[in-house]
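In the two complexes below, chain A is the common chain; its partner is chain B in one and chain C in the other.
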Partner chain A sequence: MTASSRTRGVLLGLIVPAAIIVIWQLAKSLGALPYDNVPSPFQIVRSYGALIADGELARNLGHTLLACLGGWALGSAIGIALGVGLGVSRAAWNYSMASVEVLRAIPAIAFVPIAVIIFTQTLQMEISIATWVAIWPVTVSTMNGVASVSSEHHDVARSLRLSWLERVTKLALPTAMPKLLVALRLSLSGALVLAIVAEIVGNPAGIGYALVSAQQALRPDEMFAYILLTGVIGLVLNGLLSLVYRYAAPGVTARMEGATGGA
Partner chain B sequence: MALEMTAAPAETRAKTPRRRKRARSGIRGVAPLRGLLPLAALLAIWQIAQIGRSSVFFPPPSQWVSLTSQLVRDGSLGTATGETLLTFILSLAIATVIGALLGILIGRVALLDRLLGPTLEFLRFLPGVSLVPLAVLFMGYTQSMELYVVVFGAVWPILLQARLAARQIDPLLLDVRATLHLSRPAAFWKIVLPSVAPGVMLGVQIAAPLTLVLVLVVEISTQVAGLGKLLETAQQSFLAAQVFGLIVVVGVIALVINVVLALIERRVLRYRPPQG
Partner chain C sequence: MTMPATTDPVAERDTAHAFACEGLFVEYDTKRGPLRVLEDVTFTCKQGEFVSILGPSGTGKTTLLRILAGLLTPGAGSSVQFQGAELTGPNPGVAIVFQNYAASLLQWRTVERNVALGLEGRVGKDERNARVQEALELVGLADRRHDYPWQLSGGMQQRVQIARALVMRPAVLLMDEPFGALDAMTKSQLQDELLRVRALTGTTVVFVTHDIDEAVYLSDRVFVLSGKPARVSTELGVELPQPRSQVTTKEDPEYLRIRHEVYSALRTGDGH
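Moving on to the complex of A and B:
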């Protein structure tokens, strides 16, 4: 795609959101909306201004990001360790994969009530839930990636007399990398969702709770502001991850796109 | 070394012992049931460690059973399971139809694709759960509120996969339409839909766990009845054992859903067109 056709593509794509905003504002001004308390785009922008000015937006954003990223980092580390173990050792896979399948099938949201009982209404509760949801995609992808090391490469490792650790770091993990990067992205979205859920249901802090209290205070403008913010967080986190991938592992990213393109 | 490797891969492969090769290819098969041993051992230790005294936070599995069977006896577990499953099936079905149709439309009409691309890109990252409080504000604690929220959250994976599949329909197959003088509806049923079905199925499989999560979130955080409501009630009464029991119930439901979807997928994929 050339630069000019890309700009044209972006401009074309901006027509729809722009049209939605204009029509929304017009409908609100003319009183044509079915619900009276739907805020106008202008009101939403104004509530952003207020929320930024008194620092509430930054505080809530920081809290949710901390829970999401903390759980993601912790869960990914556990997942990579589990995945390497399950992928490298056939015996470990035979004697524990079914347990992993059962545990990862349980929707993470079901653990929120027990986390609330154990950790009460704390940041730890949010992080524990975000961790749990981040573990499984990373585990399964790392495992599949590690297990797909070709037998030729195993032979090379043997003739080079690589130690167990070297086999993991030089052979298993690089082979697993494309799948692992996809899984890290999945588990990041999962951790964000579960952090917000934990705040809506359990811990009175962060964006999730801001949504609930805006609902109770009958402030739909603030609710829309926070809802759009959650979308922006998801978009930005994913964009940052793509940037990191492209910068840190360009070859892998190309392979990854090739892999997902065919799926 | 690297050159040698690429020059003679077949030879190296032939030299690998057969047994190990089969082991490698089998790792993606169905996990053997003996893999449940660690989980069973964990539960057994959990139970045995608490003979005589029981933890408030980690009650032994025997208590999970006794407290959850109360819910079975008074009928509330059956009713709640029915409500949750009904909402799940309804919303996934609605999301599948909407997602598949919109996905095909957007995937086949290039202008629409370019117009809506960035908007879809934003909406797919919007966590469906954050809409729950808003939906409650506008629609109250109703079944239709639950459906709206869940469908909105579940439709994206299906729509995006359907769009991808619709874009990749083999042009040759579309030429067949012209050659056979098929009408547009006939072409839709006989060419487009079968070509897109595997993609839609993939989307449904991504959407299904998400749908179950959304149903439970709505039930936990609002006054809508279902398993989520039972979980929340148990939590508020500090009945940790009942919460664990309900987690097991939810887990079993999720596993059954996975199996059913896998069976449906096998039926759908029978019609898979030859891949180019």
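Moving on to the complex of A and C:
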């Protein structure tokens, strides 16, 4: 894609949201919106100004990001280790698969009350919930990827006498990489959702609690400000991750981005 | 079973032979009981020799090569010696080039990192770079080192695999129908490159193929595998002048005579 067509794509994509904002603002100004508690776009922008000015937004954003990224990093690390173990060892697979299936079928949100009892109303509680939700997609995709190393690659590894560790790092993980990259994205958005949920129902801090207190203070403009913020966080985190992929795994991403086979 | 009384193992070491197999057999377990694919295969390959194993598809050529590579254990009582010592698994002196180059290369690694795979963690960085460079120059791919395998043609991908084997500086290069999937022009080009590389490095080559012309053109000796279960039905020396040429060698009456003989051996082998 050339630079000018990329710019064109972005501009075209902005038409719909711009139109929605204009119509929304007009409807609110003309009194056509039947719901009093839906703020106008202008009110939302104004409350952003106030939240940024008193540092409230930055503090809540920082807290939620810490819980989300901390849980995601921890969960991904555990998931990769677990996935490698289950993918490499037939015995580990046989003994553990039933447990994995049951554990990952439990909605992570069901663990929030018990996490509050264990960790009380703390950041650790949020991180533990975000970790839990991040573990499973990463575990399952790593395990599948590791187990799908081809027989040809096994032969190559044996004839070059690669060690167990080399087989994991040089064959199994790169084989799992395309699936793993997708899973890491999935677990990142999962971790963000669960961090906010944990703040709404558990720990009074961060964006989740800001939403709750704005509701109780009857400040729908602030609520909308925070809701839109979570969307922006998701977008930015995903974009950053794509950037990291491009540099960290160029062979995989180049291939994923539409290589059309050999010459 | 009784083993021959061993005297001094060092004195017994047979260093003239790269490989020596005796009474080798292989059985696979199938639903209908054990299936014997190789029976009483006796075969030797001298150091520096170019040996082809020829036979129709499904005769167990690849199975034999996998045994030589240490990837497959033959039936109990079979003897497979590499440089005079019993082969127990993949040996650092033996490198193998597989038939399916696309599946054997690591598609997420560049050409040079594919070639470096077996050296990583075993030799220093400078030596590794020098050896990778040398191997890539041998196969004429030094300028494509930063490309990914999927960006190369089939012939080039197979060259990468050959470089990955050569970089290990093996005493023996095992090749499993390496040019079988390539078009005729690329095939003859790679045959000549292989002969040139072999002349430069002095590597012993054991080459599996079902192509009679290829076997005769490349080899010093041809073993014909045939029958079910397969055994070595014919062994032929190929005394054609070196270096070989796609034009003059293939017009040589001796070449035609050997070709005829191999062809007849394959036909009688089928008759069993």
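To be clear about the criterion, the second predicted complex is superposed on the first by the 247 of 263 C-alpha atoms of A that agree within 3 Å, B and C clash if a C-alpha of one lies under 4 Å from a C-alpha of the other, contacts with A are read in each partner's own complex, and residues count from 1 in each chain.
Rule of thumb we're sticking to: a contact is a pair of C-beta atoms (placed from the backbone, for glycine too) under 8 Å apart; a residue touches a chain by one contact, two chains touch by 3 or more.
Keep in mind that this is a model prediction, so the values were computed, not measured.
Trainee: Could you tell me if A:V156 is touching chain B, chain C, both of them or neither one (first, second, both, neither)?
Mentor: Both chain B and chain C are touched by A:V156.
Trainee: Does chain B (first) or chain C (second) touch A:M177, or do both, or does neither?
Mentor: A:M177 sits against chain C, while chain B stays out of touch.
Trainee: Which partner does A:S89 contact after superposing on A: first (chain B), second (chain C), both, neither?
Mentor: neither
Trainee: Does chain B (first) or chain C (second) touch A:S29, or do both, or does neither?
Mentor: Neither partner.
Trainee: Contacts for A:T169 in the overlay, against chain B (first) and chain C (second): which applies, first, second, both or neither?
Mentor: Neither chain B nor chain C is touched by A:T169.
Trainee: Identify the partner contact of A:T120: answer first if only chain B is touched, second if only chain C is, both if each is, neither if none is.
Mentor: Touch status of A:T120: no partner.
Trainee: I'd like to know which partner A:T7 touches here: chain B for first, chain C for second, both or neither.
Mentor: A:T7 sits against neither chain B nor chain C.
Trainee: Any idea whether chain B or chain C touches more of chain A?
Mentor: After superposing on chain A, more of chain A is contacted by B.
Trainee: Which residues form the common part of the chain A surface touched by chain B and by chain C?
Mentor: Chain A residues touching both partners: 152, 155-156, 263.
Trainee: With touch defined as at the start, can you tell me which chain A residues reach chain B in the complex?
Mentor: Residue list for chain A touching chain B: 9-10, 12-17, 20, 35, 37-38, 87, 90, 93-103, 105-114, 116-118, 143-144, 147, 151-152, 154-156, 189, 192-193, 196-197, 200-201, 207-208, 211-212, 214-215, 218, 220, 223-224, 226-228, 230-231, 234-235, 238, 263.
Trainee: Show which residues of chain A lie in contact with chain C when the two form their complex.
Mentor: 150, 152-153, 155-156, 158-162, 166, 170-171, 174, 177, 249, 251-252, 254-255, 259, 261-263
Trainee: Please output the residues of chain B touching chain A within their complex, sorted ascending.
Mentor: 1, 5, 9, 12-13, 15-16, 20-21, 23-24, 27-28, 31-39, 57-58, 114-119, 121-123, 125-134, 136-138, 202, 209, 212-213, 216-217, 220-221, 228, 231-232, 234-235, 238, 240, 243-244, 246-247, 250-251, 254-255, 258
Trainee: If we count contacts the way the header does, which residues on chain C are in touch with chain A in the complex?
Mentor: Touching chain A: residues 66, 69-71, 90, 92, 94-96, 98, 100, 102-104, 106-110, 117-118, 120-121, 148-154, 157, 168 of chain C.
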